[in-house]
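Listed next: structures, encoded as structure tokens.
Two complexes are shown next, each including subunit A; its partner changes from subunit B in the first to subunit C in the second.
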Partner chain A sequence: MLKSLKIEAEKCTSCMQCELACSYQAEGVFNTAKSRIKIFTFHHEGRFVPYTCTQCSEAWCLHACPVEAIVLNPRTGAKEVLADACVGCKVCTIACPFGTVNYDEDTKVVYKCDLCGGDPECAKACPTEAITYVQSEQTGLERMRIHAAQAAGLAGGAADSGA
Partner chain B sequence: MAMRHVIVGAGPAGVIAAETLRAVQPESEVVLLGDEPEPPYSRMALPYYLSGKIDESGTYLRSRANPAEHYRALGIDLRQDRAASLDTERRSLRLESGEKLGYDRLLMATGAVPLSPPIPGIDLPGVLNCWTMEDARGIATRAAKGAEVVLMGAGFIGCIILESLVRRGVRLSVIEMGDRMVPRMMDQVAGGLLKRWCGEKGLQVHTSTRVTAIRKGGKNGRLEAVLEDGSVLPADLIISATGVKPAIDLLKDSRVETDFGVLVDQRLQSNIEGIYAAGDVCQGKDFSTGQYSVQAIQPTAAEHGRIAAMNMAGKSVLHQGSVNMNVLDTLGLISSSFGLWDGAEDGEEVKTLNEGGYRYLNLQFSGDHLVGAQALGLTNHVGVLRGLIQTRVRLGPWKQRLLEDPTAIMEAYLGCVQPIGYNASVLA
Partner chain C sequence: MTWNNKVLRINLSKGEVKDEPLNMEWAKQYIGQRGLASKYLAEEIDPRCDALGPENKLIFVTGPLTGTPASTGARYSVVTKSPLTGTIACSNSGGYLGPEIKYAGWDMIILEGESPEPVYLYIENERVELVPAGELWGKSVWDADRWLHNKYQDPQLRIAAVGRSAEQGCLYASIVNDLHRAAGRSGVGTVMAAKKLKAIAIRGTRGLGNIHDPKAFMQAVSAGKKILAENEVTGAALPKFGTQVLMNVINEVGAMPTRNMREVQFDGASKISGEAMHEPREADQKPNLVTNIACGSCTIACGRISTVAPGHFTIKHSPQYWGASGGLEYESAWAMGSALGVDDLDALTYVNFLCNEDGMDPISFGATVAAAMELYETDAITKRETGGIDLRFGSAEALVEVGKLTARGEGFGKDIGLGSRRLCEKYGHPEFSMSVKSQEFPAYDPRGIQGMGLGYATSNRGACHLRGYTVSSEIMGVPEKTDPLTPEGKPKLVKAAQDAASAVDSTGLCAFSTFAWTLDDIAPQLNAACGSDWTGEKLMEAGERIWNLERDFNLAAGITGKDDNLPERLLKEAAKTGPAKGKVNELSKMMPEYYQLRGWTPEGVPTEETRRRLGLGA
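Let's turn to the complex of A and B:
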């Protein structure tokens, strides 16, 4: 059974530990601008929502890549960017409907969450358990993903029921 | 006997279709025909070959190390041959090699071919398209550092090539017929900013003019491009990037209906049962307009390839329409456009512009939905624009918030798809 990041936004205090841990693990620097996970602030509601790639099964990014530079890690279910093979065309950044693949103007390649190979630093760094790494089916992300994909079109092609 | 699927064209649409067929109908036979000598590669990657970022094998769609083995292992019969004619009555193709190849299901994934402007001298040696690997090799040979190069066309493809030519250190002139760069992808504001940006980087882009003739002139057999106003640009190489058209020659004497591209239904099947189309050759459904048009972009080719294959395998899957979208890097200025970027009838729009900082965001709404967008200088979370458009999510209060601050696209998306606020976990 694959594990996923479970995000419980109501527990998030926007302490930024996840973003710092992520950027340090991925890039060797404490720089939230390079983090794969991002905390969004909702002023009206007074809420914070950490958000990152859901490793969705449609894998829009992977299928849009012209040179097989995004691959599935079968052990973790993560869609991983092979920086050596990435040409920097950015098609995956517009193909991902969740907005979780970004282009790095310094390295000239794209980057996204890779679940740290199965031991995500964001979850370890979160002091309030707003981010945990658990069996997939319980995650809010999964629910949110389904919710989002249900709307017309995002399945790329809807199964044709009868007619 | 096992069902035989024949796929004509081994670009992204054809390759994805072949792989999908093998996955969902492993007992069937899959023949993948490609007429180019290289292993299946991505045209999109050619600019990065030209700029020196990758070698030829970096353009391969699958397995840089051993592409032949990739297809063999999947049970895909990849052949280098060209389909020369089609007999829909006998369900058979005649190949250039002379062989006859029967099929149960046929996929047209032949892509597109470049359109050359009808001007004198267009066939001279040294005038090249930038469409195939062979074209790219020819450009690489001629576009040495310091060489003078004229690029005809500053549309989407022209602008991508422009970037790689500048990286090669050539002296480049760009000629665009339209009144701005990427006229079919972005509006006046964005197109104007792109041109100014190029100027600042020392690149001359001439808009609202055209090359009227090409001739041999000067010493060493160099070329000359003559512009509308009579001025003459010397050139070691002239590249034509003035548009493409679907490769439908194969269907000329067949009963398969074509318009600009192959006409298909929502299963990507043509008027002839058992014949499907995908990718640049396919006039498929546009998500935003509901009309059938040729988008000629990679993500659409990938979607078509998968959906056509599902239907060929007998699994009815309807294509809901692809969102037309592009992303472009012009000498470091990144632009993107989505869906009805030019606006919807009775729509509303909001723009935010920072001319000095080369930042621009334009959102187009129709009722309670986002239907189109353009962005300059945006590299983070840009895909969510597609998400907002394609999920047709009701924006509710977020529409007003976006009208006040268009940059809050990620917040709008999250706010719309997950309950935020007190008791949120109860609602979820």
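Let's turn to the complex of A and C:
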């Protein structure tokens, strides 16, 4: 069965472990600027939200690429960039509605999350389980459970933020 | 190796920017960060120089683990001569700025001279510019941060800035990065403002790649993270309550300095505690605490993000404070709470916002207000001096008004910005200043925790808990429990805590990691990163070397063993309540043994033999 990254922002502490693990796996350097996953800070609300490619089934980026440099990895479901084939036209960055494909000024090609070939480093590095790698069909189960508990008027429905 | 081997040297007087290699020989002896920059400072400035003059230098420095995923590895320090104490100063901060220095390709930034006009420093990798900051001068840290982010349209720009308190000469102004993390103590922000440097904005896209042994490093990092996660303090108490977990604990052991240290327990402690920050409040049924936050790489996440209750008198007409921002830590809650007898959690949260917004050290600020309240109580100052503020102990309104004035350097706030020693001397009661070497005490009463008294008296930057946190042993039992009420065995404990802290502060890691880690847990992370051969023992020795280097700087600056002292109140007025009732701090019983253990003369000067053993010059 296919697996997906499940992100529960309420558990995120903005520690950047995911970004460092990602940049190191992908580029061999620790650097948040090179990470495929990004934590966004909403200061006034006190919220930190990790965000990355969701690996669309019908991927806009893949269809937009004129040189077939973005391909499906059938084992993981990831849409992977073939750096050698990419010509840096950036059409995919326009096509992606979520902004998760980006151009790298240094390498002159685009980059995006490739799920690390099926063993995503971000999920392994996250200390609070804000990022987990789970069966794609079950990413919503925990939220359903919480809302089910609320609907039934049971205590302990709300997710524990750890705070 | 996680060093970039590159130092950025900027002469602000001439507007000159240079780069040079890092002195790797010194890095071997002094580890990095606090130790390494202290060595640079000691070599490069005259310790007797005017801290606010162009001869002083201001060094932003990272450690070998800053910017790596080693848990808590995001610290940087600011090293300079302090205008508050006249000693060497090293203030340490987290957030995300330290790693950005590394990612931009630098290890250290040395700022020399004094700019003829206000400037800020912009760094994008090797591109380094001094930019006129006329428009920024006079702005708060928060406004400067917004202005710079707007100008560069780069949300990932990391910014450290000084606020209006620093510009107006407040002697304990801090440097604030990422809006609410601060190099807080000893007036490092005052030095930055005196150099007319308003802010440093950094963007690094290079990254750290040159790990000596990547596989061993990731294994050591994982092992370290596991220890932190499984430890009761770092894995549970700190993420849940932050350092505020201590408020009720320290109050119960009778070591809570209260109302300018006249008492050792505060009846309002539970109302301003970490537990209270979790309780839904009346105004909106939400707790003060919104969430916890981590600094870069930190898997503990002790930081607090809080809001002030809607409609509270402090923010009713000030929408800019309605959102969430950096909340109370134990020190700030104590300094503005117990030290003043104020138990209004929202007022404390608001004034903590002010401290971040305009860059001032909440410890020295709160403790100075405490001294001012005692001066007011004895009529040494009156409403004529305070500008009409009724400066009574327990008054949240007075705290808030004085907070605003000090943050902006206006009116009576100018007096509060002097720090307690100068304030109390000005108004004829030096005995009311609860300070050592002119720096105010933090939140542990040395009558109830004896080792802290010796630690405060001998700290190289004036009274400070982070220079040797014997609370770990005396209260929390880490690594082993000692009796807080006895002076026996404390000289050894203090020395070990001071040396260990000097080492940890030099690595890029956070002091709080040592609730769970020993130096033996840190050494493998350093070695795999840098190819070094540190052991716990060698790190302790480097810590001792750093401590003695700082001591030598202070001696050369004219600060001697005579200054290793505590205010009379703590030596003569016994604790009135709690487990320490009847106790004073027994400093004189500890000091001779401490000097002896340090290898210092009875006057507190390192002997030739000690210097030789540690490889310090004559």
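Just so we're on the same page, the second predicted complex is superposed on the first by the 139 of 163 C-alpha atoms of A that agree within 3 Å, B and C clash if a C-alpha of one lies under 4 Å from a C-alpha of the other, contacts with A are read in each partner's own complex, and residues count from 1 in each chain.
Heads up, the rule we're going with is that contacts are C-beta pairs under 8 Å (C-beta built on N, C-alpha and C of every residue); 3 or more make two chains touch, one makes a residue touch a chain.
It should be emphasised that the depicted structure is a prediction, and the values quoted were computed from it without experimental measurement.
Of the two partner chains placed by the overlay, only subunit B lies in contact with A:Ile94; subunit C stays clear of it.
In the superposition on chain A, contact of A:Tyr103 is made with subunit B only, not with subunit C.
Shared-chain residue A:Val29: touches subunit C; no touch with subunit B.
Contact comparison for subunit A: of subunit B and subunit C, B touches the greater number of residues. With both structures placed on the common chain, the touch criterion links A:Val134 to neither subunit B nor subunit C. Of the two partner chains placed by the overlay, neither subunit B nor subunit C lies in contact with A:Leu82. Using the contact criterion defined above for the overlaid structures, shared-chain residue A:Tyr51 touches subunit B, although it does not reach subunit C.
Taken together, the two complexes place residues 10, 44-45, 47 of subunit A in contact with subunit B and also with subunit C. Contact residues of subunit A toward subunit B in the complex are 8-10, 38, 40-42, 44-45, 47, 49, 51, 60, 63-64, 66-68, 85, 87-105, 140, 143-144, 147-149, 151-160.
Interface of subunit C with subunit A (complex): residues 67-69, 71, 74, 96, 99, 103, 156, 179, 203-209, 225, 229, 239-240, 289-299, 301, 305-307, 322-325. Interface residues of subunit B, counted against subunit A in their complex, comprise 12, 16, 42, 44-45, 48, 53-54, 58-64, 267, 287, 298-299, 302-303, 306-307, 310, 316-321, 325-327, 329, 332, 334, 336, 338, 379-387, 390-393, 401, 409-411, 413-415, 417-418, 420-422, 424-425, 428.
Listed in rising order, the residues of subunit A touching subunit C in the complex are 10, 13-17, 20-21, 23-24, 27-34, 43-48, 106, 125, 127-128, 161-163.
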